[in-house]
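In the two complexes below, chain A is the common chain; its partner is chain B in one and chain C in the other.
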Partner chain A sequence: MLYLRQVFTIAAKDLRSELRTKEALNSSFAFSMVILVLFSFAFDPSSEQLHEISGGLLWLVYSFASALSLNRGFARELENDCLDALVASPVPVSALFLGKAVANYALLMAVEMVGFLVFGLLYDVQAAHYFWPVLLVIALGTWAMVVVGTMFSAVTVNLRMREMMLPIIIYPLLLPALMAAMTTTTDLLNGAPFGPNLIFLRVLAAVDLIYTLLSMIFIEFVLVG
Partner chain B sequence: MNALDIESVWKYYGDFPALRDIKLRIERGSTVALLGRNGAGKTTLLKIIAGLSGASKGSVKIMGEDARRETTRRRIGVLGHAISLYDELSAMENLTLFGKLYALADPRKRAEEMLERIGLSRVRDGLVREFSRGMRQRLAVGRVFLHDPEVLLLDEPFTALDDRAIAVLQALLREGHAQGRTIILSTHQLREALELATHVALIQRGQLVFEGPRTQEMADDPAYIYRTYGEK
Partner chain C sequence: MRNKAIVLLALISATLLIYVLARVFFVLPDELNQGAIYRIIYFHVPGAITGFTGFVTAMIAAGFYLATGDLKYDRFSAAVTEVSLAFASINLVTGMVWARIIWGVWWAWDMRLTTMLICWLIYAGYLMLRRAVEEPTKRAKLSAVFSFFGCIDIGIVWKSIEWWNTQHPQPVLSIRDGGGMAPGMEAPIYINLVALLCLSACMIMVRMRQEAMSNEIDSLRRTAHTI
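== the complex of A and B ==
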């Protein structure tokens, strides 16, 4: 119970800080909107081609927006050396990690939900038909991005080129999750039934579970050595 | 049981040994001034004691327990070079946050008491980024004392403090010493440190070259210890 309270305390602190500065929120939101609008001019919304790439397009926007947002995860602790105070506190480092992941997840999901609505409007997608299944895919895929991104934002936090390093490191690791999410999203948006895509949902759930457990095990080594 | 047992601690950065075979025992209730020139290894040693960094060899026990145990960390207060506070949170939010992280019974009440103690209750809802440097330093001192730690680890605590913050810190340290807390402070401000210290440890190029009780000669002439035990 104490562990969950500590996770919640860290998450609430990060969300409060972010909502006051809006550094990560503004950049990832603005980036998502610009890409969605630009692509809407590049492709004919009624074309068959767009339907075939719709999932890929959506996850392209989400994955780039996530890199912008997740960079701030541990970087915000550098100001005033706050990370030292957190690591020196009795909070387990894994709870610190999970708290940050939960805050990142909430912020990214908010950006993605707005992005999904704009995507529906600009690309003539009848999102209401597929909303809940697609939401499940987005929820699982986003957790994979968040957990890997938060872990590697801790690894790269002391690097000068961390903004560039983070995407280089996380995208290869996220390939299985992104491929599963893209394929399922494309199928669902094209009216395919949920059943045949269950295998991809299992892949997403497995990736989420494995990366979460690995991160919780290795985060102490990353932050303390 | 000693407050602190450091057994043959080595720390390497690559091939460079920043700490070499440090052995130190500190009794409970002592106030130790950890002295040394820039780059001697004081901050590295304090980080290892605080559990913020691992030793390459050797071990550190605080109250007989490993420094990274959660129960041990609850008993330690750490003040590093920076204030370790969030600029975008208020003074009250910062202290309440750390009160929650240390699982205090009533974090808000304790935060209010501490703000009163450090003279910042008037600006409790002000954001830290709007504070003057002295106010930020006082708040940082308040954060360290918030959970009544038994062992205080302070790295250059007097550096960049204004007069009022120095007075607050000295009062809290004297009070802490009277209450039997163990205090380890690294510093270049010899006069302030030696006024408070019961023991002195001198580190030179990663090695502990002197450790013992603070004598009257040291208090009267702060440079004495460097002249007598330091590099010629």
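== the complex of A and C ==
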């Protein structure tokens, strides 16, 4: 119970800090919008072909937007040596990690939901019938992005080329999850039944579980040593 | 002692490779449907297994490093990953050559091929991460953690042909319930696997010796600077 309260305290701190500055929130949202507009030049927005690749496009927006906000996860604690103070605090390092992941998840889900709505409006993608299954896929895929992104933002936090290294490291690790999320979302948005995509959903859930466990085990080595 | 082991491993590997090449090109007949190109399997499959064995070994060595803090395990893990990436590249390139002849295209976005490419990209990222961190202990710690994350994809690559309907052929080896090859045709795959494993062990030892020499040169340079 104490552990959960510690996770919640860290998450609330991060969310409060983000809602005051809105640094990651604004930049992720603005970046998502720019990519959504750019897609209209790359494809004919009214064509049938766009519907066939809609899931892929949506997840490209999400993954680019996530790299922006996840980069800030631990980097924002560098000022005034806040990271050292956090690590030295009585909060377990895994709770610190989980708290940050939960805060990142809440922020990213908010950006993604707005992005999903705008995507549907601009490109005439109807998702009303499949809203809940698509939401489940987005929720699972986003947790994979957040958990890997938060973990590796801790890994790269002290590197000189932090902004460059994080995407290079996290995208290949996320590819199995992104592949599963993209395929399932595209099928669902095109009205395909959920059944054949169950294997992708299992892959997503397994990736979420394994990456979360690995992160909670190894975050201590990354932040404390 | 280490030099003798390197020479011995290289000799075993060379002997087996020459034996397999002679057998594959001069004894075994062409395959009924694929013709001569099927012979690429004798490097394609052992290349993949050698690469995967290396990646898993690197993860185990990374675990030893995290448990003991001894940098020799980190050097071993890095050397194994580098060499295994080369074998994974052999697997990808030979697969592409085979696909060009049989499928008419160099690449198909099939799950087995895609997950293998992802695996290659992950370990290329591992090497880039190592180059980005200068402090040896920090580098060792971060790359050890990365090694554990990277290994997840190996399971997905391995199972991909069972989980999805792939264009990539289903298992042909009898040890994986394939049984699609005559025993005389299957045996050279295992012999070549031993040859490639010996070759990779030899390359890992050479790479570790290079690393030790590089460390020695660094320390001599530091001493020279202080003088």
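Brief remarks follow.
Methods note: the second predicted complex is superposed on the first by the 222 of 225 C-alpha atoms of A that agree within 3 Å, B and C clash if a C-alpha of one lies under 4 Å from a C-alpha of the other, contacts with A are read in each partner's own complex, and residues count from 1 in each chain.
As a convention for this text, a contact is a pair of C-beta atoms (placed from the backbone, for glycine too) under 8 Å apart; a residue touches a chain by one contact, two chains touch by 3 or more.
Everything numeric in this text was worked out from a predicted model, so none of it was measured.
With chain A as the common reference for superposition, the partners chain B and chain C occupy compatible, non-clashing space.
Legend: residue contacts after superposition of the two complexes on their common chain; A:Arg5 is shown touching chain B, with no touch to chain C. The three-chain arrangement built by superposing both structures on chain A places chain B and chain C 90° apart around the Cα centre of chain A, to the nearest 10.
When the shared chain is aligned, chain B comes close enough to touch A:Glu79, but chain C does not. Using the contact criterion defined above for the overlaid structures, shared-chain residue A:Lys13 touches chain B, although it does not reach chain C.
In the superposition on chain A, A:Ser89 makes contact with chain B only, while chain C stays out of contact range. Once the two complexes are laid over each other on the shared chain, residue contacts for A:Val222 go to chain C alone; chain B is not touched.
Superposition on the common chain A brings chain B within a closest Cα-Cα distance of 5 Å of chain C. According to the touch criterion, the shared surface of chain A, contacted by chain B in one complex and chain C in the other, consists of residues 225.
Contacts from chain C toward chain A in the complex involve residues 66, 114-115, 118, 121-122, 124-125, 128-129, 132-133, 137-138, 141-142, 144-146, 148-150, 152-153, 156, 163-164. Touching chain C in their complex are the following residues of chain A: 148, 151, 155-156, 158-161, 165, 168-169, 171-173, 175-176, 179, 199, 203, 207, 210-211, 214, 218, 221-222, 225. Residues of chain B touching chain A in their complex: 50-54, 68, 70-71, 73-74, 76, 78, 80-89, 93, 97-98, 100-103, 143. Chain A contributes residues 2, 5-6, 9-10, 13, 16-17, 20-21, 79-82, 84-92, 224-225 to its touches with chain B in the complex.
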